[in-house]
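Lettered A, B, C, D, E and F in written order, each chain numbered from 1.
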Amino acid sequence: MDVHPKKKIEVMVETPIVNKVIGIMRDCGATGVSVLPVLRGEGHTGDWSDKDLGGAIDMQMVMVITGPRRAAQIRDQVFAALADYRAMILLSDVEVIRNEHF
Amino acid sequence: MEGFLDIIAGNLLNPVILAFVLGIGAGLARAELSIPSAISKAMSIYLMFAIGLKGGIAVANSPFSMSLILALVAGAVLSFLVPFIANAFLQFTTRVDGTNRAAIAAHYGSISIVTFVTATEMLRMSGLTSEGFMVAVAALMETPAIMTGIWLANRGHGGAQSNSGLSKELVREVFLNASVVVLVGAFVIGLISTPEASQKVQPFFTDIFQGVLCIFLLDMGLIAAARLRGVKILSPAVIAFGLYMPVVGAVLGGVAGWLIGLSAGGTVLLATLSASASYIAVPAAMRLAIPKANPAISLTLSLAITFPFNVIIGIPVYLAVVRWLYGV
Amino acid sequence: MEGFLDIIAGNLLNPVILAFVLGIGAGLARAELSIPSAISKAMSIYLMFAIGLKGGIAVANSPFSMSLILALVAGAVLSFLVPFIANAFLQFTTRVDGTNRAAIAAHYGSISIVTFVTATEMLRMSGLTSEGFMVAVAALMETPAIMTGIWLANRGHGGAQSNSGLSKELVREVFLNASVVVLVGAFVIGLISTPEASQKVQPFFTDIFQGVLCIFLLDMGLIAAARLRGVKILSPAVIAFGLYMPVVGAVLGGVAGWLIGLSAGGTVLLATLSASASYIAVPAAMRLAIPKANPAISLTLSLAITFPFNVIIGIPVYLAVVRWLYGV
Amino acid sequence: MEGFLDIIAGNLLNPVILAFVLGIGAGLARAELSIPSAISKAMSIYLMFAIGLKGGIAVANSPFSMSLILALVAGAVLSFLVPFIANAFLQFTTRVDGTNRAAIAAHYGSISIVTFVTATEMLRMSGLTSEGFMVAVAALMETPAIMTGIWLANRGHGGAQSNSGLSKELVREVFLNASVVVLVGAFVIGLISTPEASQKVQPFFTDIFQGVLCIFLLDMGLIAAARLRGVKILSPAVIAFGLYMPVVGAVLGGVAGWLIGLSAGGTVLLATLSASASYIAVPAAMRLAIPKANPAISLTLSLAITFPFNVIIGIPVYLAVVRWLYGV
Amino acid sequence: MDVHPKKKIEVMVETPIVNKVIGIMRDCGATGVSVLPVLRGEGHTGDWSDKDLGGAIDMQMVMVITGPRRAAQIRDQVFAALADYRAMILLSDVEVIRNEHF
Amino acid sequence: MDVHPKKKIEVMVETPIVNKVIGIMRDCGATGVSVLPVLRGEGHTGDWSDKDLGGAIDMQMVMVITGPRRAAQIRDQVFAALADYRAMILLSDVEVIRNEHF
């Protein structure tokens, strides 16, 4: 079976901003996106955990699979939009089977 | 004076307050205890629904009074103005920058519904009644402070500090956050339901209320203690602000309650609302409105300093003082 | 006629129904409110356990009657046959393809236990009693419709549409899904427990039941509203089906109840069961049995159209009509 | 003898026990039923808080008695010594290696609070009372067994089997695990709260207690059944140990209770504590203290064999025997 | 320390089918598998979230680490089995330490 | 926009040991770390799921992004510390934008 190289972009970002990030990805033409939970973390700005009541300092992971060109576009636009926020943008290589789906 | 201290002690020897103390202690000792966050969120919705419903039923059963309008106006004014005072205190006593000052100020103008609930329980324990509409005042006070906070952040920065590209989400976070929706929604439900129908839900929303509050405060203690471990990001002057600002707020709220002729119980509640600082609705709104502000600063201050202060020391004192002044 | 509308309005001014309306409103306004899914699942198990237990206790306390057998047979027949009718309506009024028609039909033959619970609460509010065994009928009606749905999907396709490689999981999903296990299990527990022992669990399963239902329906409103935002995948003819099919089901169920001599309350419940459409057990079974069917279509129809219709309009109407016909 | 069996049967025809049986049955049949883990954890905290509070209130209301001290000493001694006996049995009847023997032994010296709670409910059903301080004994018995377990693991291995680099976390896991903190904390809260304040939380912590226990045991049944599917890692001799060891523990606990002059109810509870095996606090402590031990072995034994044995057979038998011996 | 190249296969699939996917992986000889939660997603077939009560449209992520040969087999068999379902199959490269464990 | 190659280390490990793993990572100089949930799994030592009450056999995923040198150090030290525990250590390549953050 043929596989097709794609990019996986993982954006770990404060929960209140997740919808904004998804919006940017969809605007760049992503055909789908998934949101994964994160339990807690530590970083330059201190610790956080999903226990804080209002969700203001929670983080979630937005994940999108897309082609390399669109991936670069998403990466740049998301990065620009998140300048003021706690966020981590990761890119990596994956292979998919259904090329036309992404 | 002895009676005064006795009253305060009596207020504390209460499973609800002691559970909070247990939570703080267990948290500070890093005990292997935690309540799943799904449960915390559910209990918080339960408490807000119960208190909103109760307020609505109370208002439905009492003749319409001018005090309702006056109390709403007083609450809105307090919520709008307290942030200016908070901002001034921070400016003259701490080195916190303007953006973070604006965010903190918004927290202190707004309210903590759990602090409010704890105060209503302490009132009930001491046999005082209060106006049923105070829960509507609480709901109203959530929001105006957020606007003052945004205005403070933008002033003199040409709007650069606040984020205008997010207006739709922000408006939702400000006017349709969980606290406002549940409090107002349940209040209206209590107001318009038939008495027989309301009666049927009492065992859930009234009888077991204090027990749920007990577990919720255990959890709040654990959460506050976890935040307290990050308290090193706060300077002593900022921590001091977290301790005197609620007293300032309580005085303003108490005077306002007295001016508009609230009952002793109502005055305690308005003082408590004004003294309390938000740690649910405002932090989320601030992430959208003033992203440059560091949420860890305002959240630690509000949740780990002011909230325990109000629950353990503040409310019993506000209550004792008002009782003494009103002679009840 | 005025009395008729009054009864319907009176049924709605009820925290349970108003909480559902609040949930729909908050969901449509995209308020920042959500109830953690762990809580939704737990409340759903609680409600099913409580209603099953209550039914079992009721049956244990009443002399055995032929009506029990008749009602079980009637329920099974309705669950088997309603999907054929639903399928025919969809075939002649919509463009939905055969696979999706079969899946939708299975949803409408089966039942929604929350709709059933809401109906029992409305009955109680109007002072009507009903047969305790109706909860056993509800449990029984969950399953036969799934078989009709699978048969409809396979008919004329040589079985290609349905997935036979999954039989073991499918059998479990059909006969041992959470609804069937909890309803039947709690029913049997209520049936065989000693009265003193059953008495001890009443405060949890009976006293606070309506309050929990209130929060659960708030959540159902939020979930239904979220589904409703995807309603554009349904054509107007399909939406119309979601509104008249419950009425068709109610008429069939009501006539069946009358034929087998159920009480007025029992007739309302059988009508409601027949009118309701599944959104928990059947969707999961359909993913295993008829994977080619698009779950978004049947789930949106059942959850976002038929469920709110039944809760807000349907049940009060079925109740009012049966009371009028039975003269109670 | 007939009366004896009748009593046992009567104890089982109880929603609480039947829900456990339902859970086991559903789990073994691989029904599609599960209770979200956030709910399980919350119910477990609720039960411990309620039982601790109740014990504290009971002790506050009764004159101080020497039995309290004696019972605490007896509990501590049992918890320390039972692991040695368990270890010896395992050594002479099974092929389990020393490390795993030590871990299993620690589980059996410690206690299962749910087994304890179930026993208190069965006592209440049969009209027996017990000493309020037994919950303090339960809390105390959680910990000493862990130390014996660690000592057993280290003996003759120069400490190589246990992990000394983790001491801080281990100390926390041993002395500040959720069970100990909540039981002791709630006990103290019950002890020092004013009676009026304690009264207010009764509906939540007492009235609905048995209903919550019912759902919790349903869940425990599901969890035990899931573990039971992995039972093939246990040899028949090890399974047998999981069935006779609780009886050995019960005899030791019962004799100790008789020696120190506990009431019949208190004796049943001490026997049950000694018979029960931990599946919450000890497994986590063992991961830190004796990592080479396979947690699946001890957890399966304690949760899937001994826990169901105690709940369904053990407690009714311990109760019947003690009643017969004490003539009550 | 030596590391060994393996394949990570991530199959995001409707919850009711997760056990079936795990079964295929085990049949292909996978020595272990893990299931991760996903909160919500958007795609060609619309939005979903873990809030829907019955779990019929929820998705979860099944993750397996295995050698390249077995990975290709799992990929093909899972893909064949999921033709009718909403699913996304991703392959990527990872390194592990304990070669014999996988 | 420039991207910078980093290593992603994923350590799936028993929950009671997670804090220990985080401590080792921080000691090796990791500037941040995140913890992700895992629902259930199967492996050589049998099945587990997050339903077991005490969390003694639960697992979680500790994830850290760092440079290649520090990654090797973390890998080795974590591996040494986890010899007695159920654990799975995965390394893979990712790209990040803010080089100085990691």
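Throughout what follows, contacts are C-beta pairs under 8 Å (C-beta built on N, C-alpha and C of every residue); 3 or more make two chains touch, one makes a residue touch a chain.
What you see is a predicted model; the values in this text were computed from it and never measured.
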Keeping to the contact definition above, tell me which chains border both subunit B and subunit C.
D
Consider the two chain pairs C-D and A-B; indicate the one with the greater count of contacting C-beta pairs.
C-D
Farthest chain from subunit E, comparing Cα centres?
B
Using Cα averages as centroids, what's the distance between subunit A and subunit D in whole Å?
46
Measuring from the mean C-alpha position of subunit C to the mean C-alpha position of subunit E, what distance in angstrom results?
34
In subunit F, the residues touching two or more other chains are 36-37, 92-93
Touching at least 2 other chains, the residues of subunit D are 34, 36-39, 41, 173, 203, 207-208, 284
I'd like to see which chains touch which, written out pair by pair.
A-B, A-E, A-F, B-C, B-D, C-D, C-E, D-F, E-F
Which residues, counting only subunit D, touch subunit F once they are in their complex?
34, 37, 40-41, 44, 163, 166, 169, 173, 222-223, 226-227, 229-230, 233, 279-281, 283-284, 286-288, 291-292, 294-296, 299, 303
With touch defined as at the start, can you tell me which subunit E residues reach subunit A in the complex?
12, 36-44, 59, 61, 72, 75-76, 79, 88-93
Residue set of subunit B touching subunit C in the complex reads 36-39, 41-42, 45-46, 49, 53, 172-173, 176-178, 181-182, 185-186, 188-190, 192-194, 196-198, 200-205, 207-208, 284
Subunit F partner contacts - residues on subunit E that touch it in the complex:
1, 3, 8, 22, 26, 31-37, 60, 65, 92-97, 101
For the complex, which residues does subunit C have touching subunit B?
10, 13-16, 18-19, 22, 25-26, 29-39, 121, 125, 203, 207-212, 214-215, 218
